[in-house]
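First up is the structure itself, then whatever we jot down about it.
Just so it is clear, A, B, C, D and E label the chains in written order, and each chain counts residues from 1 on its own.
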Amino acid sequence: MENLVEIQNLKAYYRAFLYGVDREVRAVDDISLTIGRGEVYGLAGESSSGKTTLIKTIAGAIRPPLRVVSGNVKFHFGGGTQDIYAMKPEERMALRWKHLSYIMQGSMNVLNPVRRIRHSFTDFAFRHMKVSKAIFFEKVAVHLQRLKLDPHLLDAYPHELSGGMRQRMTIALATILTPEFIIADEPTTALDVIVQRDVLTMIRDIQREMGSSFLFVTHDMGVHATVSDRIGIVYAGRLVEEAPTAKLFNMPLHPYTQHLVGSLPKIGDPSTRPSLEGRPPNLAMPPEGCRFHPRCPKRMEICSQKVPPLVTVAPERRVACFAVTGDQV
Amino acid sequence: MLGRRLITAVNDVSFELGDEPEILSIVGESGSGKSTVAAMILGQTEPSEGALQFAGKTVAIHSRAERTAFMKEVQPVLQNPFEAFNPLKRVDRYLFETARNFSAGKRPDRQQAEKMADAALHHVGLTLEEVKGRFPHELSGGQLQRVAIARALIPQPRLLVADEPVSMVDASLRMAIVNLFGRLKSELGLSIIYITHDLATAYYVSDNIIIMRKGEIVERGRARTVLDDPQHEYSRALKDAVLAADFSGVG
Amino acid sequence: MTSYLIFVLKRFGQFLLVVFLGVTITFFVTHLTPIDPVEESIGAITQMGQSDPNAIELMRQSLRELYGMQGSIWQQYVHFWLRLATGDLGPSLSAFPTPVSTIILRSLPWTIGLMTVSTLITFVLGNAIGALAGYYRKDMVLKAVSLVFIALLPIPYYILAFVLLIVFGFIWPVLPINGGYEMNANLDLSFALVFDILKHSILPALSLILVGAGSWLIGMRALVSNIITDDYVVFAELGGVPKRKILRSYIARNAMVPQFTGLAMSLGAIFNGTVITEIVFGYPGIGNLLIEAVHAGDYSLVLGLSALSIVGVAAAVFIIDILSPLIDPRIKVE
Amino acid sequence: MFTIIRDLARQNMEFLCGLLLFAVIVGFVILSYFSPYGATDIYLLPPDMPPDGEYWLGTTSRGQDVFWQLTTALRNTLFFGIGVAFLSRIISLVVGLVAGYAGGAVDRVLMAINDSVMVIPQFPLLILFYVVLKDSMTWTALIVIMASLGWSYDARLIRSVAIGLKSRPFTTQSVYSGMTMRKILVEEHLPYVLPIVFATTMNNMIWSIGMEITLSVLGFTDIETPTMGMMIYWANAHSALISGIWWWVAAPVAVIVILFLALFLLSMSMNEYNDPRSRLNRMGS
Amino acid sequence: DDYTSLPRKETLIVENPEGTIKNPGWFNIWVNGGGGVSTGLQQLTMDTLWYIDPEQGLGGASWDNSLAADKPQYNADFTEMTVKLRKGLFWSDGVEFTADDVVYTVKTQMDHPGMVWSAAFSVQVASVEATDPQTVVFKLKKPNSRFHAIFTVRWNGAWIMPKHVFEKVEDPLRYDFANPVSLGAYKLKSYDPQGKWYTWEKRDDWQRTSLARFGEPAPKYVTYTDPGPPDKRTIAQLEHNLDIIHDNTPEGMFTLKEKSKTIETWFPGFPFAHPDPTLPAVIFNNQNPPFDNADVRWALALLIDIKAVDMASYRGAATLSALGVPPTAATMKDYQAPMQDWLKDFEIDTGKSKIKPYDPTVGQQIADILRKQPKFKDQIPTDPQAITGAFGYGWWKPDPKAAGELLEKAGFKKSGGKWLTPDGQPFKIRMTVEGDTRSVFTRAGTLIAQQWAAFGIDAKAVPAAKLWQTALQPGDFQVAIAWSVETWGGDPDLSFFLDSWHSQFVAKKGEVQPPRNWQRWSNPELDKIIESIRGISADDPKGMELGKDYLKLVAREMPTIPLMSYNVFTSMDTTYWTGYPTIADPYTDPVPNWANSRLMMVKLKPAQPK
């Protein structure tokens, strides 16, 4: 499969000097990964593990206090190669929405609250379409119908729509130009289970139809199981495991992944589930060595001293754990 | 013998909790009225029709004394542990306040209050030492939620109302809380109304379940029975929509 | 639409209540004044000629009758509302028998003119600069301009007006410092007269604008610098929406919502500022009239003016209130 | 509170400047207690002396030393401002917190009163009070009157915060901890609104001192107590600016500006401190 | 500032101290309807029988027969007054002025209580009739040798109404007299609907007015305007936009003198100001203890250091007076000078000792002090005569010891540095001052209060926004700075104020006091003097002797403490006009709100060619 996105040794830190305390939050710490054309790549991990930060960095949507410390992000849009951090702001601007759309976290609240939704479509997409307004909105209407949204809703204000409708609206907005790469940050969180299911199915359908690549973030493993082709597990700013979805669920390698998959209760399975003690590390002062080791049931001597590298243990499978890879690397 | 706990809510919702300690889950789509039911059970919202009965008597809260008496029996667990404590105040303050305000007889002094708080904290797997003098931001979400539960335990209530107590905490902490509920029921003989979106945890922890939709109960019964084989159409849709956290090849 | 109507009616009720309470408070405070308009008038008359006690007593009785000042304060209060309901403010006591409304109408346009124009300029200027300064945070020119306005902001109206007066009237005498137009001006409407009136309003308006713009500027700047971190703005930026469009339709448009409410809440204070400015520059508005009336113990005039300003400010607040759903579609009107 | 101030001072230039300027003001106030001249004594010194080594800020046409006069005037003005701010803060806190928390009819009644006070023309009313009370219009009376006119705007502000606080889960937590309304308002909500109260205190002082100056300059206050406004009043009565005794006006105006700048900078940085987003922005730029 | 529709060179611009007129369209001067009086209305369009100029007057006499052809003629027992009127005078609308107008004026006002002179006429006049078009006969209810005073303009007088206008009016009380018909040499041209200015235009038929006897008025237009507070007036005059400032602060005057080359003042040098025929004084409310005791009043007088008060209030630019008459040019000659010897010998008994309190050299001392100030050095006269004219003769010596003795005599005690009243309360004095409307008085009051405070009295000055209306008239004060003595100015007859000091007029406590006896002082000896004056005619030389008796009496009793003349800092700009009245040519009072200031119009000369 051809790569659309290549990320190498990406480090992005929040540098905050706040009221007397100089803090550096290493939210993305040395992450490399690639995403294929037409692939749905899922990122999972607990809250504040750096998922959002990672995709912000990929999308080039950084603003202080976040800084990219090292590494690069390359796209292969339209056959060429674009290094997002080597581009001029205008060039980056030109990529947006046409080739790359980004649905931010909290996508229920990303529409301008004081203007009708119609205007958002004009602002975001009309520029890129060399057609008249009337034809443009005809196209929009068709697109909305595909997402089971009434085109009349264009004349509503965002607050007049339910959360699910708003999220679908945002997805419609992000997909109207059929970009090559779509990034979505928790697009279904806080949705009703039934609505969530609808939205997810729809995302999948559109993605298939358009052949776009998707980078998908959520901490809900159930969602991943439904949507993602491949999953990367993030823990405390690092990628700790990466595997095709089926393999990850059936045979998780990293102890954290194992816990993540194993602790979730299932209907029809009343067996007792263990709970993991401790709390996620503070990214301003992460533990030495493997960041998971204080909570790890399999921790070894070395875990607190050396950082386990992300090792390819099988085709398409990478994991960063001494317990799996041994400490020879 | 103690009478029964009959609860009536907005859209002709009636259900009851028996004398035996139990965990009752209320599940349903967003906006189906779960929180409203919770608010009514807690006496925060007055039912416009029907009544709430507790220990055989209709609950009527007119005076402060009546309210205190009621709060002694029914306590809430709030949804977001990070929000449940005033960030400007130490968390132990709520433990001590509760201890002072709800103990029978004369107000306990500082030492007694501490003892009561410590005892409550033990039930949730914490000690006063870990908590004392700390501000909310110094504790993890799981710890905070457990402190909140400990606080609710101090008046020795017979019923806890937990409105989505785990939806805001991490997957890794979620099970800790849910497991705690199970323990509290068996150790303290406490009944818990557990409101959630998450059918899986409801299935995991509760004895009975109520499935709500648009302010009405569509199905109820033993949790396992209902969820293993939902009868109502909506219940089935709900169950189907649950995205199993294992790879079943949906995609 | 009906829910909007109910909303408007509710607000209108609130408006009536506020006017009622405000006017009532003013009525009673006004009637506490120890200055008796009759004695005031007697003073003015006896200044012109000698009188013995018999003559004065005679005068007192006839004036009291003439001014209609009989009855208890409660009767007068009820009477006042009855009269007000018919739009009659009664005769002025210090300019008897001229009706209070005639006197007020003479000064009112000046105050309304000064206040609306300067408030409008202040609001637009302050918010525009504030929005730009909040958005282009690194622009040195905007920083400097903001700094000037912010430094002027805490100076009391009076002091600033006074300094302007000395600077532009004495040290560098280029602008008129007294009155609404030149003395002996030909008052037929003409270009020259309009120009003259504008020229006379520069300093009064300037003092109001210089002091007032800063607070809008600061508020707007803070709002904008918060709004630019709001999701919908970040999203628009990520969507490649042009900067100017973002500033106008996303940032400024959203920031206007609280600023508009702020305008309603600060109208009373703006009126105060106008009164003070009028005093400093001898501007012929109701501010000067009000002070005069207080001095003369002319409580029917004081009351008329206060009632008018209460109604005016409350009405402006009411209008802004009922317009706010149009500016912010999120405001629930149920 | 102390840590907030320390953090602010370290971090925020505006706050530091404000604090330093305020220190100058406090220094002046302290100096006033060491004044070699009686505060109301006049014609003690040669009049109209320009600033020099002996009279640092010159003397007035009334034969007073401007510098020492200024220290006392500043003290009186500042105490006046603090008095008004303190009293009106109490009113606005009580009204705002109770209206916000209690809601319903209580809220509506309180807000009707609040809005009425907001639209009453204050300045003419103050003059009316002066005419009514004459020499019983002491500074204390003026403080009370000003305070009862100057709380409404902030009460609304506090109310809007209080409404938000009421629906915050920790309020529910407090209720179920058995706390009384008074306790919840005082111990749970008050700390939340204190920064706002602090910020509005500054604005209120700016307002009340501005009013004091205006009333004094127009002669509507006790003319024997030296205040900033009274200094300008006497300077005006002696046509000081026109006759070139500029230091008599310039000195109080400069001090007023310093005082207001200090208050303003403090209030602005406190406001910013209240809003973490603007704190982050500060770093962004 | 060039924008005016009138040619500046033909326009005289004058300050109207009334400020902005609240009801600008009201010209009915016979009803107090909120209109202005000294907007030019009384100076330029009104006329009445006689004028007494506060200064020398034109034509060599301060007395002027204006509408009247002659002085008033009384019958022997002063119960009838006959007036002969001039012929050939016309109203500005062309109607001739006759005796009917005078009769109508009196009768209409008597019939309409509430009109300005209504009460005064009603109380005195039994009947009035015109025996022929030029003769009016008044029959009085009781003898009055000064009845003509009501028709005699000092500052103003009972103005004659145009019968042909008012008789068509339904209710004269509600008539605004818009487009006023004028009997003076000017008529209304335009006025500011906002009440800031009034402009009057010379009548084409100015020859048919009483003023024509003195020549043609020079200014074609006269504008009376409200230039704002003193600083703005000063600025306006520096820019030559204001020809006459009515009054200013002393400092404003000094600045004008220093900065403008075109300023003329009454005295060319210090103190520049024109002494008004009114006498600012410390006025006690004699009705209330402890001020009903002459010892207390004298004690307080002896605690005043007049030099300091002079410097504080007028910066030395005051003309002092220890006596109960204002030190105008006329009274200097008639009363002040003749009384000096008596003053020097005057003695008071403190109970423990006898002292001679008068210090005849105070005027000299003040001149010496002022001469030391480099700013004024050259402007201070050196000639003793001129010094006396400018600064007055002498005043009381500060004598705290005697003051203490007097207070003890009155039963006061000193304890812990504080004086206690006979009933053991702290001696507390609130001195009411006028605020910034007359800032020199405020300054004087503040300083006097401070001098009393330094002696251990709890004294403090309190400004009252409307001193006369809120304090003096209702008697709601302890001590105030104001005037209670006003004279005709150019005439030695003291009846103008003295008559009102009769005990018959003193109001009861808490009631409104008829004008001028604000001190509410009743004294049988004074009553006797007043009654004697009533019995003789105004120009009887015996009047001056009685006047001196009055002066001696009030010096002993001290019902008010006279301070100085009310010096009015009038300044006149010579850019457009010359020929203003000054001490060198004192043909009238320069203060432009006085109706006599009409005389200026005929003496002014344009300074610039047309």
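Note that a contact is a pair of C-beta atoms (placed from the backbone, for glycine too) under 8 Å apart; a residue touches a chain by one contact, two chains touch by 3 or more.
All values derive from a computational prediction rather than experimental measurement.
Q: Among the remaining chains, which ones contact both subunit C and subunit E?
A: Neighbours common to subunit C and subunit E are D.
Q: Starting at subunit B, how many touch steps does it take at minimum to reach subunit D?
A: The fewest steps needed to get from subunit B to subunit D is 1.
Q: Go through D-E and A-B and name the pair with more C-beta contacts between its chains.
A: Counting C-beta pairs in contact, A-B comes out ahead.
Q: Quick check for the class: compute each chain's Cα centroid; which one is farthest from the centroid of subunit B?
A: That would be chain E.
Q: Where the centres are mean C-alpha positions, what is the separation of subunit C from subunit D, in Å?
A: 23
Q: Using mean CA coordinates as chain centres, what's the gap between subunit A and subunit C in Å?
A: So the centre of subunit A lies 55 Å away from the centre of subunit C.
Q: At what distance in angstrom does the C-alpha mean of subunit E lie from that of subunit A?
A: 92
Q: Which subunit D residues reach two or more other chains?
A: 131, 134, 218, 241-242, 280, 284
Q: Could you pull out the residues of subunit B that touch at least 2 other chains?
A: none
Q: Contact residues on subunit B for subunit A in the complex?
A: It is residues 29-30, 140-143, 170-176, 178-179, 197, 199-201, 203-204, 224, 227-228, 237-251 of subunit B that touch subunit A.
Q: For subunit C, which residues are in contact with subunit E within the complex?
A: Checking each residue of subunit C against subunit E gives 34-35, 39-56, 58-63, 66, 92, 94-98, 103, 106-107, 110, 165-166, 169-170, 173, 176-180, 182-187, 192, 196, 282, 284, 288-289, 292-293, 295-297.
Q: Can you list the residues on subunit C that touch subunit D in the complex?
A: 14, 17-19, 21-22, 25-26, 29-30, 32-35, 137-138, 150-151, 153-159, 162-163, 166, 170, 218, 222, 225-226, 228-229, 265-269, 271-272, 275-276, 279, 290-291, 294-295, 297, 302, 305-306, 309-310, 313-314, 317
Q: Write out the stretch or stretches of subunit E touching subunit C in their complex.
A: Interface residues on subunit E, with respect to subunit C: 1, 3-6, 11, 13, 20, 22-24, 26, 32-35, 37, 113-114, 116-120, 122-123, 149-150, 156-158, 173-174, 176, 190, 192-197, 199, 221, 223, 225-228, 231-232, 235-236, 239, 465-466, 468-470, 473-474, 476, 499-500, 504-505, 507, 512, 514-516.
Q: Along subunit A, where are the residues that touch subunit B in the complex?
A: Its residues touching subunit B are 40, 46-47, 163, 191-197, 200, 204, 219-223, 225-229, 245-246, 248-250, 259-261, 263-268, 270, 272-277, 279-280.
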